[in-house]
Amino acid sequence: MEDSRKKSVTSPENSWGEECGLVGIYAPENSDDIARFSYLSLYSLQHRGQESAGICVTNGGEFDRKRGMGLVTNVFAEEDLADMEGNIGLGHVRYSTAGSSKMVNVQPFITSSIKGNLALAHNGNLTNHRELRSNLEERGAIFHSGLDTEVIAHLIARSLQDDIEEAFVESLQGIRGAFSLLAMTDDSLLAARDPRGFRPLVLGQKDDFYIVASETCAFDILEAEPIREIEPGEVITINEEGIKSRYYCENKKNKFCVFEFIYFARPDSVIKDQNVRQARKKMGENLAREAEVDGDVVVPVPSSGISAALGFAGEAGIPYKQGILQNKYVGRTFIQPRQKIRNLKVRIKLNPIKKIIKDKRVILVDDSIVRGTTSQQIVNMLREAEAEEIHMAVSSPPVSHSCYYGLDTSRRQQLIASSKNPQEICQHIGADSLTYLSREGLLASLDSDDGGFCTACFDGNYPLPPPEEVKNI
Amino acid sequence: MEDSRKKSVTSPENSWGEECGLVGIYAPENSDDIARFSYLSLYSLQHRGQESAGICVTNGGEFDRKRGMGLVTNVFAEEDLADMEGNIGLGHVRYSTAGSSKMVNVQPFITSSIKGNLALAHNGNLTNHRELRSNLEERGAIFHSGLDTEVIAHLIARSLQDDIEEAFVESLQGIRGAFSLLAMTDDSLLAARDPRGFRPLVLGQKDDFYIVASETCAFDILEAEPIREIEPGEVITINEEGIKSRYYCENKKNKFCVFEFIYFARPDSVIKDQNVRQARKKMGENLAREAEVDGDVVVPVPSSGISAALGFAGEAGIPYKQGILQNKYVGRTFIQPRQKIRNLKVRIKLNPIKKIIKDKRVILVDDSIVRGTTSQQIVNMLREAEAEEIHMAVSSPPVSHSCYYGLDTSRRQQLIASSKNPQEICQHIGADSLTYLSREGLLASLDSDDGGFCTACFDGNYPLPPPEEVKNI
Amino acid sequence: MEDSRKKSVTSPENSWGEECGLVGIYAPENSDDIARFSYLSLYSLQHRGQESAGICVTNGGEFDRKRGMGLVTNVFAEEDLADMEGNIGLGHVRYSTAGSSKMVNVQPFITSSIKGNLALAHNGNLTNHRELRSNLEERGAIFHSGLDTEVIAHLIARSLQDDIEEAFVESLQGIRGAFSLLAMTDDSLLAARDPRGFRPLVLGQKDDFYIVASETCAFDILEAEPIREIEPGEVITINEEGIKSRYYCENKKNKFCVFEFIYFARPDSVIKDQNVRQARKKMGENLAREAEVDGDVVVPVPSSGISAALGFAGEAGIPYKQGILQNKYVGRTFIQPRQKIRNLKVRIKLNPIKKIIKDKRVILVDDSIVRGTTSQQIVNMLREAEAEEIHMAVSSPPVSHSCYYGLDTSRRQQLIASSKNPQEICQHIGADSLTYLSREGLLASLDSDDGGFCTACFDGNYPLPPPEEVKNI
Amino acid sequence: MEDSRKKSVTSPENSWGEECGLVGIYAPENSDDIARFSYLSLYSLQHRGQESAGICVTNGGEFDRKRGMGLVTNVFAEEDLADMEGNIGLGHVRYSTAGSSKMVNVQPFITSSIKGNLALAHNGNLTNHRELRSNLEERGAIFHSGLDTEVIAHLIARSLQDDIEEAFVESLQGIRGAFSLLAMTDDSLLAARDPRGFRPLVLGQKDDFYIVASETCAFDILEAEPIREIEPGEVITINEEGIKSRYYCENKKNKFCVFEFIYFARPDSVIKDQNVRQARKKMGENLAREAEVDGDVVVPVPSSGISAALGFAGEAGIPYKQGILQNKYVGRTFIQPRQKIRNLKVRIKLNPIKKIIKDKRVILVDDSIVRGTTSQQIVNMLREAEAEEIHMAVSSPPVSHSCYYGLDTSRRQQLIASSKNPQEICQHIGADSLTYLSREGLLASLDSDDGGFCTACFDGNYPLPPPEEVKNI
């Protein structure tokens, strides 16, 4: 049933489908480097969001924020950071679909209320965003954005707990869904993870600075040491009294997003004590064991398929060759000629190496197929490079269900595997064969048992109910 | 007593001391020209605020806003406006002191709430801003800016009136101070003026478009016709049912800001049926009658003193000469040399014409003296141009009291007339004599009786109590 | 006869019709302030060219240049100037017609040759540009721009004189037309004026700095003192040996451009010992004497007609009123609505004050009529403001002939007075009467006899033959 | 002996050490796509120069050029290219050292002369630049830049050949060194290669468009087909009469830069009928055969060492692992923190994967060592990742001699192999062993005999005498 209300300025739909990178830093004293460390961390988390970036610092007085659209290295100039002093810092990078690419949606999100100043940075997706927003609106709340963080800010401001930290914890008890959340108050850095632990969040240390970030690669760039992951359902407070941990809920269960391992996280990050690239290689090895396909050469789709292809090639004993070159200098805008050039969009980013491809039976490895469009173009491109056969091998199962926990896997009808079986998909993309890694093969690649991961996008087995409005569609 | 709370991110102090220009346009149907007309109107209201500009339009769906720092002609590009279609438009230009020059404070201010979408544009200053904000905070409101409009948006959202128009009227009953206020809802344009009518607001018409603007010069550029001024305490609703007027309070009394006539309004605007430049000329004539000073030449401080100087010269029978040239190309930034050049800051904008000044008894006419710094530099500059005598004549009384109704007349201790009498001021600026126009002479220049104007900055006779926090200092 | 050659990349036609402002500064030692002084001087010469600006400095080593399109205050940032150190500086502002608004044409023009490094800045127009260029091309020269300065640079490089200063003088003997020219070599500042002295050039001093500039207003801003004008046919060398003057030609005759007095120069500049504004006022007085017209009010076209209108009003005993307001915030780009607004282009810049205009016999004073378009729009605008009668009075004679000496008076057929007599022009612009100042009245306003001025645009009496290519058309 | 002349504004030293990418396109008729095709080609040649980019087109009339600093996708906007119509186009990307990063040095270089309009784009380095420039200066030439192309433009303009094409050929006979050169005249596209063929240049075709480009990857993006390489000493003319080829010299000999194969060219390009990546892989295989080193894992320095590492691993039978991750989002500017972070500059671009590195004997493969600084930092980084042993293997011989033919291999004293033997270098970078590929092993990797390549940077065996000024130092 369609929602009959007028479309709002700050429509919550806009907040869907984002993946983000977070960093929070706490220093015992004012430091020149709070903003610069935030910057370096965001830089190393750039793969989690290239749409916009923001940093906010405080020394207990005014909150000083700089934010903008684009890459970290474009948003911040030396003079911006030189002016930002404080002992607490919060940083955020964000990917978003076109519709909501507005400055008003760029985090960190700052407000002031009876509880004091508050900055929030969020990675994930609240499944009860719409209900909460609707309830808040009925109670007189006004909204400026479509962000989950704005709902959380309202909950904190309206909490009957006087203390902002207690109010923060109370707000966590009211929200549902996937969230790794950082908050900066006038004197503390707070970090929380949802009770399923869908999205990553890690605690680290560099000298007497504490750092909380989405991935360990943000520590590496600072020469900081990882301490441990924030646990599902845990909230951590860092302030002049040190670090304090507590659990804000009882029913907690590890359901980490398996797609972080498959695609999203940076290969050099360590999650659940496992190096991401190693996990991807194992997926490739398992895929080789499952696949009944022979070929002359294993070629990865760069750069997402490289680790799995290396694993596949090693296991299958077929040579690994980088038969597709990736252009290093892809910019944001690209100017099209009037004359039609086949597959130009793919060709701009990727170029096949004919010597490697021609007259070969190519095993083309990628991490996943979402809509099928890109795979189709790459297969097409290899055909033009005169491959004899093209066998596509995918190091994850078919993505057949939408994600409601923070990944942009699109509406279900756009997922090619929601309406087509592998054989039909194979035909659609024009390959000679298509093999997916089984769910079992995927989980066997990870140093953790089945129950610890969310695999809803493959099997529709949602650890938490999807948003109400989705269920009714 | 000092407020002991920590300084807020979105401190209300920041909202003081602004003057602004407003325009709202309602067309019966979607029009390409809504944004362009808003743009042209703002352009003609540029003198009311050069710090930032914003335009917001709607056709009943999403609110489309473009805003930025700087002049109207710099903020908007053709392609920005080409994309903005609607049947209602709201525009705002703003002057602000350095501290609050942040994007988050650039109007129109947009929010969404249970009442629907809302855009607000405001000229004036709420005297109970701090109490309202404090009360709202206690009731769980969160704030993003230091703007009066944000307080009003909260009042509207929290009103028990279901209808947004009724809620708007209710909010007007809760705010105190000076305000000319425009609001855009999903289907209506609302315009209101405070019960004293401190700041101007006029209704006009161009074909079947209705326009509400700060001054009539915004109609002239569009070839629109003025209909009438919005009355003190009146609120007007324009939508598909036409124009509706009502009064939201009983105790209304005309206390129009006399400084709009003296300095702020554009000379070609018509306020209270009187052309502003004519009024200024009369002030000059009355000043000539009051002044007991003889001279060889009447020289205006360009451009603020021109009209009064023309009146003075005509009345006194002394030749009017433009003895000071104004540089047309003054930019925002100005680079200083290391070597000291006397009076460079004034010299960049103004240049004396020695042939006119040298060996002459100069009557130097300006509209007002606020801090005295500029007058001092100009007198100094004329001395260097070898004027024989310099008699300063000011076409308004000494500004001795702060304004709490929307003009940036600075803190009281910065007003030179708050601590010095005219003789001391004369000495301070280095003139041979100094004459102010009397309060009576000023009011006699205006086609309206004494009671109709706010003259608090001259006599401390405040039509409304100043903000609580000011009284306690 | 049409030129049959292919149109060149760097077509000489592009260099026509420019007016420019120049400054050159020589300090005995390296100074931080060379670039900053150049900047301030250019700022005060901004009225001579708003299209582009450039500054070049040297300390005997590399020439350091910064240039760009736009106003002086936009082209240069503090950090640009902070980096530019030297003991010699050259600055240039330029107006140009749309076609040649290219970076490659922005001066100062820098080259290096066997004679050393050379920077040139030029105001004027060479009448033998095309012949020289053609001859140079036949001798193997290559061209990057359409600038007169490029031709001069070639002449200097090819001179048989070893010394760059001597080569400069030799080049002056080869060029014809109007030029005020500044040159910077590795160790000297050179300044020259053509044998007729068409365009202004003045020498001044600030402490031990020598300054050469287009107008004295460039000295005022620096608190420098004027020494004297560079004479027609004179060349001056300033270097560590001091100032040296010589004359490079015999047949010199003062033919200063009368339009500099009428319109172009800044009112506070002093030329030929006469203040420009005073001269304009006298033109207005003489115009009042010649005009047989009665009116209620004298209204200037701002700002070009103000001085003449003041003179006219004083002489005629008719009140002077600024019945047309000029918008202070005119930007470069202006966005048009789709709906037609009459006279929008004029209305954007000017707004009539109805109270002053309505039912009045208006004497509208301007300095000149070139194409007639603007006058027509202003008259039209006053008609709409319900003027009873409009009598246009122009403080110069009809412009009936093109200028070949550096002013952009357009092609002859575009000059309304080339094909229409005053009565027809009056009809065309829609005025009730039209009076031009006579040539005699004009010259009587100037403290100099007839022979000292070029009045070719009024009488076709060209002091130098026009360019060959023009004569043949 | 040092040159005693003053340093020139447009010093030829600046032009050293550049590598560039070229494209020229000829269409039989005016086409919308000339500029867009140039753009796409430059985009695919971006690896040859990221400092600046320029495109120039003509349809026989004016030459229309757009150029700027930065990447191709940043320099050109859709509207720029939409305005550029013609039937001939020329494009250039350029890398340069900091000193000469000036707009005046951005190609294509355009001039006009008696021979007509001319645009030039150049890749290489003239060894007699200084003599030619000096001779030209003595004959009156003026210079705007330090570019080789400016010297060539002068030679063409001064040629006694009337025809521009003949003049172009004559100029080729006067220049020495390395050059692949494209020229656009009013009606023709000219392409030439120096008599040794140091730098690449290929001819291709798309429908009825002819394209000349630095590498075949520029054809791939356009779906154009390669025809053949331009030969050493050949000049090709493309115009309405079709393609014409001739040789402008007799003593020609193939001495193609072997570094194009080792590092510079794009892996998917085909040069001398050999795919570049295949050649690199062979280098790795030969290196494995020559190296007497054992290890647990072969790790490439990304991305320069990947192909060679794959070859090495395959040949040695040691697993290939991407143990170092490359950051995809490296921007131009990077902000440093105040606190020291070890190896930050390398860490920003590269991150070791500890799981792969720790406790392993790592064979680290790169294509070359120039100064040694980066290698040292990477080795250091692997030490911190706890590698057990680090054996560096380099797929080319020690770079011990400067290049005078267009590669930026720095001054000889900066080349670590000019003063240290491999053992000393090994110590310097901190590796446990260091193996270079032998010159024989290198040449055996290429499908061409020894004599066909320039290997001067390895053996000092210069095919052409170095510049005079270098020999004398």
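All chains are identified by letter, namely A, B, C and D, in their written order; residue positions are counted from 1 within each chain.
By definition in this document, a residue touches a chain if its C-beta (ideal position, glycine included) is under 8 Å from a C-beta of that chain, and two chains touch if they have at least 3 such contacts.
Keep in mind it's a predicted model, so treat the numbers as computed, not measured.
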Legend entry - Chain whose average C-alpha position is farthest from chain D's own: B
Inset, instruction - Could you put a whole-Å number on the gap between the CA centroids of chain A and chain C? - result: 61
Legend entry - chain C-chain D separation of Cα centroids, rounded to whole Å: 48
Legend entry - Geometric centre distance via CA averages, chain D-chain A, whole Å: 38
Legend entry - Contacts with two or more other chains, residues of chain B listed in rising order: none
Inset, instruction - Could you list each pair of chains that touch one another? - result: A-B, A-D, B-C, C-D
Inset, instruction - Sort out for me which residues of chain A touch chain B in the complex. - result: 6-11, 60-63, 103, 110-114, 116-117, 137-138, 140-144, 153-154, 157-158, 186
Legend entry - Residues on chain C engaged by chain B in the complex (per definition of touch): 32-33, 36-37, 39-40, 43-44, 46-47, 50, 71-74, 76-78, 81, 217, 220-223, 266-268, 270, 275, 277-278, 303, 306-307, 310, 314, 319-322, 325, 327-339, 341-342, 344, 347-348, 351-356
